[in-house]
Amino acid sequence: MSTVIQLIVSGVLIGSVYALMSIGLTLVFGVLRIVNFAHGEFLMIAMYGAWAISHWVGVNPYAAVIAVVPAMFLFGGLVYRLVVSPGLDKPHLVVVFATMALSIFLQNAALMLMTADLRDVPPIFAHSIAIGPVYIKVELLLGFVVTLVCTAALQWMIKRTYLGKAIRATVQDGEAAMLMGIAVPKIFLITFALGSALVGLAACVMLPLFSVFPTVGLNFVLIAFVIVVLGGMGSIEGALLGGVCVGVVQSVSGYYVAPAFGQLFFFLLFLLVMIFRPNGLLGQKGAAMLGVNE
Amino acid sequence: MAGVAATGGGSGRISLLPRRGQMSWFEIALLLGCVAWVGLGLAPSLADVTVLTFLFAGLALSWNIAGGYAGLISFGHAAFFGIGAYASTILLLSYGLTPWVGILVGAVAAAIAGSVLALICARLRGPFFILSTLAFAEVVRIGALNWSSLTGGAEGLSIAPMPDLANMVLASKSAYAALMLGYLGLAFAVTRGIEASRFGFYLLAIRDSDEAAAAAGINPLLVRTDAMALSAAMTGIGGTLFAQYFLYLDPTYVISPELSFQFALLPAVGGIGTAIGPVLGAFVITPLSELLRSSLGNAAAGLHLVIYSLVLIVVMLYFPSGIAGALDRLKRRKASP
Amino acid sequence: MSTLLEVRNVSRSFHTTRAVDDVSFEVRQGELLGLIGPNGAGKSTLFNVIAGVIPPTSGEILLSGATVTGWKPYAMARAGVARTFQIPKPYRQLSVVENVMMSAFLRTKSMAAARELADTVLADVGLTAYRETPANVLTVGLLKRLEVARALATRPKLVLFDEIMAGLTPAEVGAMTEMVAGLPARGMTVIWVEHVLYAIMKTATRMIVINRGKLIAEGAPAAVARDPEVVKAYLGEEMQLA
């Protein structure tokens, strides 16, 4: 019994970290209506960045946040300008292919620069802490806290600031937003960059938990897709909920079922959600029906 | 009198009528060129590339049936490729069934899988559809990897390399090139046939508007399923041919996302939704990719892919209607100065 | 004249809102029935129920005596019920003639026959000059005409028009009205939902008026126009006529 509780608690915590990594993806879809197929590679780059700072400057990855997050924001803006924005007025598959090609580019650039070796940071906290019958890794708990704070901050931003209102307006009706004087292209740019910055934050929190290598993005982008689909494209709370679900499922099934089938479960879960609740648990109604140029 | 070559058009608009049932001089020349290329004897260094290029052209045309005309952008077509390849190979190794028949079984199996995928994705569009095709292919791959008793798992399946025409193991690379050219020809003929038919029109309808199609008496789900099934079957045929050429199958390569990406990439670069586009895409990209791999593959791990992906990004962003579209624009500009 | 379409006690609710409330009426063969009502009255919902886009929550639809309730849109089209879309949905990447051919293919598999039928229909609606034009560059007026052409190309028994006049110039309205008026003579029955009242008043043989989901008036256009309930519906309670 206590095993199950332990598994669930760990699952919730790791799930929140997964959620943090996925918020950028869902935000970009909600506003720009595109899927960034290089999302996993953004995470990979950010993790390498956090590792590099940690390795050469000597601080822990959490402190590296002050450099990584702004750097990822700029990186996101750059990618938007060069790769995404030229494709927005073209058939949808242009952006799909461009971001997929970007993903291949980043993976192999990382391979060339950093080799395939796994990179880690040395453990930061010596012991797990015990809360009741459960042992929790401090890194996980920190990740959980960061996710909650970040989500709350995002919600505040979306509801209370002009930028947030502009984003919501753009999500609801881009044309109307433009007519109202909202610079929609700028909103797109900021949203994309913001999504990238969020990935940067997630990377700093994830590095103490996972190693980084050039294709690490592939493992996580899958998880991110399932989370975003479960929670509903465009919904931040949905990403949180989806993340927790995925974390718990992974934690519990990883213990009771062979790891080879772990990935299979993810895909089946994904397909099941697509068949029965394509809008996700909390997503925009009809989001799954959104066609290419709508 | 030869008609007008397939067009992509600047706005992505594809007009069916001028091309219907007619081959342009360009296409005829290309076809004759291919036949000559193979018939006049292939230099061994070029044989491999030729075989692969013709095969991938056929695979690109197959993808294009669903992806180009019907707008069903799939990044999971390697699943159908694998199903075809494994079906015929398993039947050969376990029951001695000649691949000349096994290829049809594989095609049917792939068609069924394609129908299943279409049904799963019945309500999905855009990125959701694409992601679902990815997930589907991964389910198939992991299934194949783990069902070792059937598929040999990670160790894969091997076919004896002894030339045996009755069992589709050919004696020379030239012979394989001819076989692949036959596949290319078949896929091209099927594509042209579709273009000249009501079914071809219906594919375009569901690409643009399901609702308008339904109001015209078209059953969108049925058309979608048919398109996917046909595309899958054609892809499965390519899978069998691949198995008979390579003589070794393993799920990690045969049902990989990288391969799926290729099947979609070639038509996209060559000109989606046209008959000649996927062929052009394959004729340009496959040799290029082999060249990059052989000359740079050893220089630095991943360098050839870095260059490859950058080329891709540029092509996709600045030539969205692909090579066919660019050629068409050139022709129009020359026609009306 | 036999009854072609019967709408029997049809209701449609969305959660707690009754968009269509127990509506019943008949359409006889060869009629040109006008369906009007103020904004938000439920005309579109009723239209979509008849066209098969959404099923009624209760009630039945009968076509030539046969129950077609809940039939999908493509089944309705095959049964001879054509419809236009209020916001045109052309196949953007195809030309005008190809757009119409798509509908013509309902009646034939042959490319040549479909093209011929399409050309005939294009001539009917006056779009022949735009035959090869890509649909994505057409103006609203032309797109609406294309909608009509596509509906007619299915050789329907019953045509459902959904606000085909909105956005048209007066000259275009005149031409379209004339064409619609000629349809019954060619064997078609028409149900016409419209906001541009003067067009529909002139041509309809019978009118029904919907307000707040309910059918509030039925009869000849002149009579309906004078019906106090109808006036109240359009102008609001304050302007009741004595």
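Here the chain labels run A, B and C in written order, and each chain numbers its own residues starting at 1.
Basically, contacts are C-beta pairs under 8 Å (C-beta built on N, C-alpha and C of every residue); 3 or more make two chains touch, one makes a residue touch a chain.
This structure is a prediction, so every number in the text was calculated from the model and none was measured.
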Number of steps on the shortest touching-chain route linking chain A and chain C: 2
Chain pair, most C-beta pairs within the contact cut-off: A-B
Most central chain, Cα average position: B
Centroid-based (C-alpha) most distant chain relative to chain A: C
Chain centre separation in whole Å, for chain C relative to chain A (CA means): 47
Between chain B and chain C, centroid-to-centroid distance (C-alpha), Å: 43
Distance between chain centroids, defined by C-alpha means - chain A, chain B (Å): 33
Where chain B touches two or more other chains at once, by residue number: 12
Residues on chain B engaged by chain C in the complex (per definition of touch): 11-17, 20, 196-198, 201-202, 204-205, 207-209, 211-220
Residue ranges of chain A touching chain B (in the complex, touch as defined): 29, 33-35, 83, 86-87, 90-94, 96-98, 100-102, 104-105, 107-109, 111-112, 115-116, 214, 225, 229, 233, 260-261, 263-264, 267-268, 270-271, 274-275, 278, 287-292
Chain A-touching residues of chain B, taken from the complex the two chains share: 12, 71, 73, 75, 120-121, 123-128, 130-132, 135-136, 138-139, 142-143, 145-146, 261, 264-265, 268, 272, 300-303, 305-306, 308-310, 312-313, 316-318, 320
Complex contact set, residues of chain C against chain B: 51, 53, 72-74, 77-78, 82-83, 85, 89-95, 97-98, 101-103, 105-106, 109, 111, 114, 132, 134, 136, 150-151, 154
